[in-house]
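Look at the two complexes coming up: subunit A is in both, with subunit B in one and subunit C in the other.
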Partner chain A sequence: MKSVTSHRELKGASLRLLLALAFLAPGAAGALSLTDRMIGVATDIAADPASFLYDLHQNNEDFTPVTPGRFVEGGMNLFPTFLPLAMLNGNLKVRLLKEHGGLPQIDLLGGGWSDMAAWFVPGTKVGWWGWNLGAIISGSIDPRMRVFGGYEYSQMRADLELGDKIDAGSMFGSLEGLPDLSTLNSIHVGKREHYLTLGAELLRSSDKYLVAQMSYGLAGQRLAARLTWKGKGFNTGIAFYPEGSWVIWPFESFTVRF
Partner chain B sequence: MRKLSILAAVVGAALLSAAVVSADVKITSVSGIVRVVPAGGGAVIAAAIGQVVPTGSEINTGENGRVTIETSPGNTLRLRENGKLLVLEPKPKENRIQFLAGRIKGMFHHLVGGEKFSLEFADNAVASIKGTDVVAESTDTVRRISTIYGAIEFHRGGTVVLIPQGCSASIAGVRIKMETLTEEQIREGLADWEAEQAQHKATGSSDDMKMFMSQAGDVAGQAQELVTQIREDDFAAGRTMRDVHGNLTRIDQRILRPTAREVAFVNLCKRDTYQYKGKYKYTGGDGVRFDYLEAKVVFNADLPSSLLNWPSFFSSHDGVEPDLMQVTISNGKPIGDDGRDMFVSSSQKVILANGDKDWVDTVTLNGVKIESDDTVTTVDSGGGKDGSEELWGMSKAGFYFDRDGDKIYDAGTDTKFFMITEGYCINNDGKILKVSDFLNNPSMDPIGMLKTVAMEGIVAGEYTNGSAVFNRGNIDLVMTPDIVLAVVSKLASQIPSMAGDMKM
Partner chain C sequence: MRASGRNGKVGKTRKVMAAVSFAAAIIMAGAAAMAAAPAAAPATAAKPAPAAKPAAAPAPAAKPAPKPAASATPVTATAPAATVATAVSATASSAAMAAPVTAAPVSESAGIKIDPYYSFNWTEAFTSPSVGDWFVGSNFGTSLGGKYTFNEAQAVLGMCSLQYRGPGLKTQEGREFAERTIDINTMLEDRWTVLPNYTVRTRALFMDEMRRAGSNEVWGHGLYDFWTTGLGIAQDFAVPGDVGMVGDVSYQYFGFPNYTDLLQEFQTGGATAEQSGGLQDYNNIRFRADSRFGKIATAWLGWSIQSYVNAKVVSEDGTYSKKAQLDNVFDVGSALDLTLVPAESGSKGAVKSSPSLGLTFKTSNQNFLRFKTFGDLHPDFIKGYYNYNQVELSAPVRWIYDEADDGGTSSLYLSLDWIFTSYAKRPARNDLGEFGSKKMWTSIFMVTPGIAMPLNRFTHWNIGYTFHIQNSNNKFEKFLPYNFQGHTVFSSVDIAY
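Up next, the complex of A and B:
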């Protein structure tokens, strides 16, 4: 009994440490000061806002196979998308084929989201949304471990339509008389990706799993990795986007299984 | 309109039949002691491959017994030693087995169209299985089911628990306790029980002998006593070789002491398939064969437990002599095998009115006395005549069933037939040996030579109209001198001590 408790404590401590690292990592990277690093992150985001928004979008996704013995799962990301960013999201996984007789399990997965905050911005037409769809094949290599692989199409789009044009330069005297080149009336950014994913799922205890996965985006040649501690209802994990402005994202999601 | 009604009825019946899973539970593999107890507690019969086990029947395994059953096409359940299953009435799309004792492994990869399999434990606990590999255990203290691949629903008293893959559920009082599988449980679950069973069959000479003795002993209600008397230090020998027909044959031999007054020699021959390529016609099947010879002698006094003490015992006890000598050959198992043929030759000592002793010889075939028909001589024979010819022989001699036991042929009651016998001297490849094989091979040592030699004897019967007397065509026995070598070598090693005992 004591050993079980110790094991749980150790696991909890490990998780907390990882989560702490998730926040500290950007600052620690490159031995830069936190301020320098934050400036760097802000610069990266400003230079390529789509990538940052896309990483946020990816946090909504749950690209793991349906739990053995279940045929459908639904869930949503609680952090960092629904809270604090008001990204209303949901995903659904349906088992098309149960693993049996040497045949693998085949699942169809999909999800979508839209940012609620954008719905209420006055005087503008703002949309920030995304969706993903894919399929996973999984097979057991041991009663406590499954490996899986799949394909996923994932896209994110952000649109900002301003009610009035923003004059970005004509007010400056030096530009007087020149054509107004700096009028900004809309912003459209988006990103789409074709991911190939491989992963492994390890049974920790009844209905609790540890899932490790890595994805490679064919379009943008980008990598993404995830470590998820699945529980009976809530999942905790860390996502890694090595090419992103913000590399490590902790997340918390909710799942119901049938 | 009437045609429409008939069509509707036919379609309805077809749909209904499709919805009901076949109730046939079939035995597909057996090793060791496996019994089937018919519904209602009828006579226990030995399980046989291909046997259909009807609803209400119980399948149980003895020590080292293992059996595989097919609950529906492609879906199997393997029961290990000391286990017990009860075949329950199926429900629509649901076959059911009650798991009473032992350990089982179930592989249900071919449940289709909503089919499921229910494994029912005591305490109203039911595992509902759909395309899953499971291992289950049921003892007086433990009732547990583990999922190796797939998940199952476990029902108990209105509570339904999903057992995910890699977990086990055990009944702990009023609740169901869930745990992940241990390494040992996984190892056992992943083990190839079928391969184990095949290996068990191939190498389990002791188990086959126990099964033989158990089945023979069940007749006299002495199974346990007989089994326990098969001691590790009994003389035993075994060899796997090809018979003269080319069939792979496993021969197990043992000298046994069923009782203190009795000594028996048993020679078992097992073949998974049988093809006959002998001298006469054969009308039996080509499936699994189990032929045996049992020769036993019952003495009028208890003998020493060790065979090594017999020389000194007999030299000091003049009055010890046999009461009964009997040889039985058969092509089936001792019980539960109604189709077998059994040939018994016995000599029973009797005390005459004047106090003299005499011997009464009796020969029976399938329970009916037979006598040789002296009016018909051997009509065919052959064999080796010089060193260049193969060592084989055959005969076709006249006999009759002496139904009234008067040793006189009565045309009205008795039936004539030919007793056909074949004998071959073969090597381990089933090749018929020649005298020259022995004479022209001076480098071969005698012991080594005997280990490559065997005798095959085939007995069959044919009525005068040409039809077969034996239900299974023949009795085909392969015997090796291995047991003799075992006895001789052991006795030889004990000669100095035996000589000392006899001097005393």
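Up next, the complex of A and C:
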């Protein structure tokens, strides 16, 4: 792996560039200042809050197969959902069939979450929850690579009373004082989707994997892509929703495997 | 401008087809695993790589909107406004032939050999054109497929892919920078080796493309959305002297469920607008001959006939005649695969180039009317407005400067691309939109230097830059730019097996 070592810095720069560009995101066209960018995002969210909240909901999910040699996994997203958004979440993956004797591995996956903001903030009315359930088939096509595909049903519901309305203008100083063009004082939305996913898991080193996956939602033509660097306990990754208000979400999660 | 009734029906069909496509892919993954299990044990620990199977080389001409190396992208429809579009960019069979499924099978079970194929691509690009604002675009794509060889005579190849293309500089006329598309492709091909040097390939395919021109459009309701399905049969001949010949005939139906016509709506009023959807639907018959000379040269010759189902030819008096629109597209080209400098060891040190030259000639009996103002009684009439001749030249060079122990290669690449289009009968416009006396032409030149680095033998990181310069003697740029420069910096990750 000589070349990998010798080019690590360049690859790091490449990855950082990829992330930086993704952070800027479609819809950011011409918005050279951060303020303009934030206003654009805020108005997008105000126009379609369900999509934004649904993207956050998806960050809780871990739709990857059970690690080879293990039969059950439990995990939790730490960032950006549990922290700082108080989304108490958990997911469970159970291997129904081990890959052996010419048969693929089959897993059942599920997860759920609920936002805890109402528990801690007096007077807040927040009913924001979601869950997902699905199954994955995976098979090794090489000693260092597995491919997988699966189906997932994913649902979110949000009933938020925001009290003082959110005003895109006053949140970002330059438009303060303008009429309330993009304001919210309550959100009552729900979204559900039927996802089909294809992906691959590449072995990096012992118990460390890189997982790439892409999902397509049949109900709303939603797209999601995800890269996950799986470690022995903690996982780091980036989730990408190309048509979302906020396109890229870095995430950190942990998983316990048995 | 919407044919909601048609779209509702087609929308359901799309969802069903997408579900079927992915289900097929998932089944393929499962089947691959079933047969692969004995050969490819689950990756429970780091193991030395097996005998080095070269990773799929990164495309030297990695551009902001690259296609997966072997995505089953069988067709590119001639969109109504995209008159420069090539009617058929590649056949399913050629895409499949290019796929690395022809490599040694990785598994064998009960006499069935499986050659799986998987790819994933993610590109992020920052683009700053000289007209308009800068923007960031993303491209994603994933493919899954496999070749199932039952015995020496029979094999089946299946492939499913999903592709998202975000905003970017476009090389087709009439396409906006901000456009986004989602493509779903499915292809199934039977390969029957009748004789050792004669193979018959029969294929069926389905493709659905959704196009979104602006953020206020809903996916699935785009004016230029289309779907296509069809059958094709190809015959491969191996000729002594390492020469291969392929004769290919295919039929496809292209449906544009939402497309309608402003002239027709204007003339007939809103009452029949709903019935105007599908105006661009056409039947496509394509003949293609491919030849391969050793491992160095390929050449092709193609002819597509596009017979429109509903679209009629517009007459000089501003009405539609009874004659149906009929387009013919001829294309001819050649490509070389050259090793300019041989490798020192393995593939390290090699300098390779794969230049290609393609010529496309399109003729259409459709004419063009330009109404200067609403209700103009004397519109400009241009006969043969959509006819064009096109030259497409590509010259990528790649230097493989390093090779890792597992076969992953590092390379520097430089790609030069030039697309020149001249319209046989379409006059160029001035900046006010008035037609002049000279015929219109458009030139697009792109240069792309970049570097590709391996993460492992399946995965590459790319980083590069594209300079895009477009010139035309058409100066009417109120709606779309014809003369501009663009700078694109991109980074991508590619996984291919």
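The definition used in the following text is that the second predicted complex is superposed on the first by the 191 of 258 C-alpha atoms of A that agree within 3 Å, B and C clash if a C-alpha of one lies under 4 Å from a C-alpha of the other, contacts with A are read in each partner's own complex, and residues count from 1 in each chain.
We take it that a residue touches a chain if its C-beta (ideal position, glycine included) is under 8 Å from a C-beta of that chain, and two chains touch if they have at least 3 such contacts.
Every value quoted in this text rests on a predicted model; they were computed, and no experiment measured them.
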* Identify the partner contact of A:137: answer first if only subunit B is touched, second if only subunit C is, both if each is, neither if none is. => second
* Asked: Taking the superposition as given, does A:200 touch the first partner, subunit B, the second, subunit C, both, or neither?
  -> second
* Asked: Is A:69 in contact with subunit B, with subunit C, with both, or with neither (first, second, both, neither)?
  -> both
* To do: May I ask you to decide whether A:192 touches subunit B, subunit C, both, or neither, giving the answer as first, second, both or neither?
  => neither
* First, second, both or neither for A:242, with subunit B first and subunit C second -> second
* Give one of first, second, both or neither to describe whether A:223 is in contact with subunit B, with subunit C, with both, or with none. => second
* Look at A:104 in the shared chain and tell me whether it touches subunit B only, subunit C only, both, or neither; answer first, second, both or neither. => second
* When both partners are placed on the shared chain, which of subunit B and subunit C touches more of subunit A -> C
* With the two structures laid over each other on chain A, which partner does A:210 touch: subunit B (first), subunit C (second), both, or neither? -> second
* What residues on subunit A does subunit C touch that subunit B touches too? -> 68-69, 99-102, 140, 142-144, 146, 203-207
* Touching subunit A in the complex: which residues of subunit B? -> 109-110, 130-132, 147-152, 162-167, 178-181, 186, 189-190
* Structure fact -> Interface with subunit C, subunit A side, in the complex: residues 1-4, 6-7, 10-11, 13-15, 17-18, 21-22, 24-30, 32, 44, 68-69, 99-105, 137-151, 196, 198-207, 209-210, 212-214, 216, 218-221, 223, 225, 227, 240, 242-243, 247
* Structure fact -> Per the touch rule, the subunit A residues reaching subunit B in their complex are 67-70, 98-102, 140, 142-144, 146, 203-207
* subunit C residues within the subunit A interface of the complex -> 15, 18-19, 22-23, 25-26, 29-30, 32-38, 40-47, 49-50, 106-107, 109, 116, 118, 120, 122, 124-126, 132-138, 140-142, 144, 160, 162, 164, 166-167, 178, 180, 182, 184, 210, 215, 219-220, 402-406, 408, 410, 451, 453-456, 458-459, 461-463, 489-493, 495, 497
